[in-house]
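What follows is one structure encoded as structure tokens, with my remarks underneath.
Chain naming follows the written order as A, B, C and D, and within any one chain the residues start at number 1.
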């Protein structure tokens, strides 16, 4: 399809971090430590992303939601994972050293149930030179607080104002799509000092048991991701790009270089791959190569301006 | 698949209106007058819906958005139609007499850009005995105002309070899915005197031109509907059903009796079919028959209670 | 064949009413004409379409069947030719829908909704003694075949001018009779545009009614040529459609009186209703 | 065959590492065994899997290929049998994914990611002189075939007990050697449950290690039987998976130490780690 091109043709600068190409992973959709257990040292040689974003870390350890946690959709997935993780202490002891050894910069994604908790998490990473940037998950639809903080401009602004002074590292705010006006939240985050924004997180969805008609997911509702959210993601990215000057990490249903290109045209600086990595662990590298191929055909445009009629 | 069953097995009462079965159309997805031009009098003999919901009527005539207005998705559609209609006067003169002659009750869907406009529309239909119920479109993502009124509980409450005294007809408020908390809007509409709620309207989405990378839709963004929104619709219906006691008209991606059944189990009283009618003009009747078939296999449950873990 | 097969017509005889449900029909044959495929289907219950009418088609298998791949919505196709109980369609493989249709085999199931829309006006009152000039471009030749059949049957006759990209496409000309052909690359007939042939014909004898179907730039050139010479023209336009029966308001094209739904008030429009035939989003 | 084909193992020899990319392989043959299909594929680059390991499979064509129908995600399948450069899988058609795989023909393309997960522990230290008792139910017999091959090759040998619904399914027993069979309807072997046979065997001689794979109720019965008799058991469980390599946290099952990802820490788990083998959402 696209001519074989190298992702090395697409060096990208993001908040002062130099990346080999603009494709990273979506938080919680690639576990580099698990992948190293499954694939061994070969993983590092073919690491598919230009930076690694870790799964959301909370202050205390979490088991996550009861299974079943997955429901397949035509072109997508509902997950109700529920943010299982070892907690801050466990992450610092067990995960950080392993992730720091990856061949790409590390972005740590954190979530707290209060502003104090987020502050504690940010403070914990502020001095860790293994960490290139921090992403604040204010948007997880599986956990009550995520919805509340990230859906409201004022709440978001207060959170960012609170943690901004605690670190000089780039702060990425990950917006929730389950909000009336993601553009307004984006503008509030920018005004409060965020360095970048990422979007979209998963969209709230639900499935019933095919035989009993009861709820299927252990967490009742879950988050929709994959191809099926692509058009919604594109709309929100274009909207937010029109409202802020911050660099954006865009995601939602990216499966091919073409999808990544659409998000870049809509105004993003980086593109994250989530669900597609489940189908193809090296999807990130493939998409970067496809994108480089498209760029050979037609060079990168400036972000397109979308005009209301 | 399902045994041949008759939709007549499913009489349903909705706000005091007796219907042959629980399947109606989504506003703006079936034009009974146009269909009569295409299909002639045979349409009435096989009319697919138990009640007819007309396309949104505004006070003044509207041309709608410039084309292109459609973009196909895997399992769905983005439309940026932009609410073209003849306006109130044109509707009363040209459409109402024709729609009143349909073999099923008529529900008129109206939208205004201010509360005064909505009030004027509601007043205009209050005394028309051809009209069984009114649906307030406060949610159309193609028009700025729709987003604002229907996404905010207070705005919605004010609107409903304003128009509630103007009619004794059942008032259905059609919620927007592009809201932080549709359940809160639903509760506000109930408290303000709505008789029923309908959901979901389309989800904001966007597409780029496959070759030029520019915006595809004349209206820049549009609304996503069809199978691809089904899981999101189900989640919102279950959420709203848990927050209000009002009857619900549920819609979003219904293609089969099974999908309608899921929404009924989640707490709806009626189910509306939208995009699927584009694929199959008699989809409403087919889905009603499939539903009756499912009911023969397993009788209707009470609405399932979904328990958070 | 029942009442439906008799064909109630409205809109001055330019519309045969469609039965309200989509019909599951069976593919009888698929034949290749260069770049085009002709699909012949059995349609025992279907009424006889008017020339220029179309149908919404979807394969029964692997077409968003309850579980959403693309193609998801049915696609619009002009009736190429109709015989009692049979319909023919002409396809060019340009995307997922036409690709899927072009791989159907005899025996496969096809959903058909139609005939839909308003066809060409060929009543004696419309021709008013002038000759019929049929102008087709690419896959747009499809509705001209059934139109030629009708004009031949009525004794009116027609002059047929067809334009194609290249030799592979001009193979489609075999579907009509007594054609003059233009190809962009000169591989068949006149090297150049079909509108060169049209200008020639109109210069020779402007007492004509033009019936045209083809890509938007061709239709626009036809419109301008005819407008300059005050020759009446009927243009079969294209636009993206979701439903084909007026339900979605998605297929509008701008006319001098505002937007009209092409599936309901077209696809054939009188050229003098248009400021331009270059409708947004049409063509590939 | 390169380094990958040699097969680096970890987790006490119970895991062969997978190459990090999915491999596009070719179907060599499909053979029907009653209700089951065996798919044999060429996998020249693949390392030799350990018994109990699985692979994520997806057809190259018509599998959410960039445009989202269901099946969209790959599906997990135990390796039935492995020869150098070849793999075999056993399928039962229970939904869109297995349906699509079961219609693959020789020459068709298949995506394979694997071998994945931790397989059965069959080291001499684990057997510790006891005999191996293999207990399979339905399509769960798959990993027992490769396990029997391994135990036969090592000279340890194995007693094989298989349970099926009916005669159509018990045809799958032909995939293993020297089996004792139970069917629910008595159409083949013992009329009743395979756990009846297991109880009999353990009553006769409890010096055994049990290796089991099958539907959750069967595994739970095996777990209870073995726990009562303090017989060590290794159970190959099932749960819904999206990725198969630990990326999504979707496949967790509850153990005495909390949830574990079955694709990473399983699918084979020591029975004494479980309070129950009835994992939510598994089975059909």
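Note that contacts are C-beta pairs under 8 Å (C-beta built on N, C-alpha and C of every residue); 3 or more make two chains touch, one makes a residue touch a chain.
These numbers were taken from a predicted model, which means no experiment stands behind them.
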item: Number of steps on the shortest touching-chain route linking subunit A and subunit D; value: 1
item: Taking each chain's C-alpha mean as its centre, the one farthest from subunit B; value: D
item: Rounded Å distance between subunit C and subunit D, as computed from the means of their C-alpha atoms; value: 56
item: Centre distance in Å when subunit B and subunit D are each reduced to the mean of their C-alpha atoms; value: 48
item: Between subunit A and subunit B, centroid-to-centroid distance (C-alpha), Å; value: 34
item: Numbers and ranges of subunit A residues touching at least 2 other chains; value: 66, 73-76, 218, 227-228
item: Junction residues of subunit D - those touching two or more other chains; value: 67-70
item: List of subunit B residues in touch with subunit C within their complex; value: 28-31, 33-35, 37-40, 42-43, 46, 55, 63-64, 66-70, 72-77, 79, 81, 84, 216, 218, 226-228, 255-256, 275, 277-282
item: Footprint of subunit B on subunit C - complex, ascending; value: 4, 8, 10-11, 15, 17-22, 58, 64, 66-74, 111, 113, 116, 239-243, 245-254, 258-259, 261, 264, 279-281
item: Complex interface listing, subunit A residues touching subunit B; value: 65-66, 71, 73-76, 78, 147, 151-152, 178-181, 203-208, 213-215, 218-221, 224, 227-228, 230-232, 234-236, 238-239, 261-262, 265-266, 301, 304, 306-309
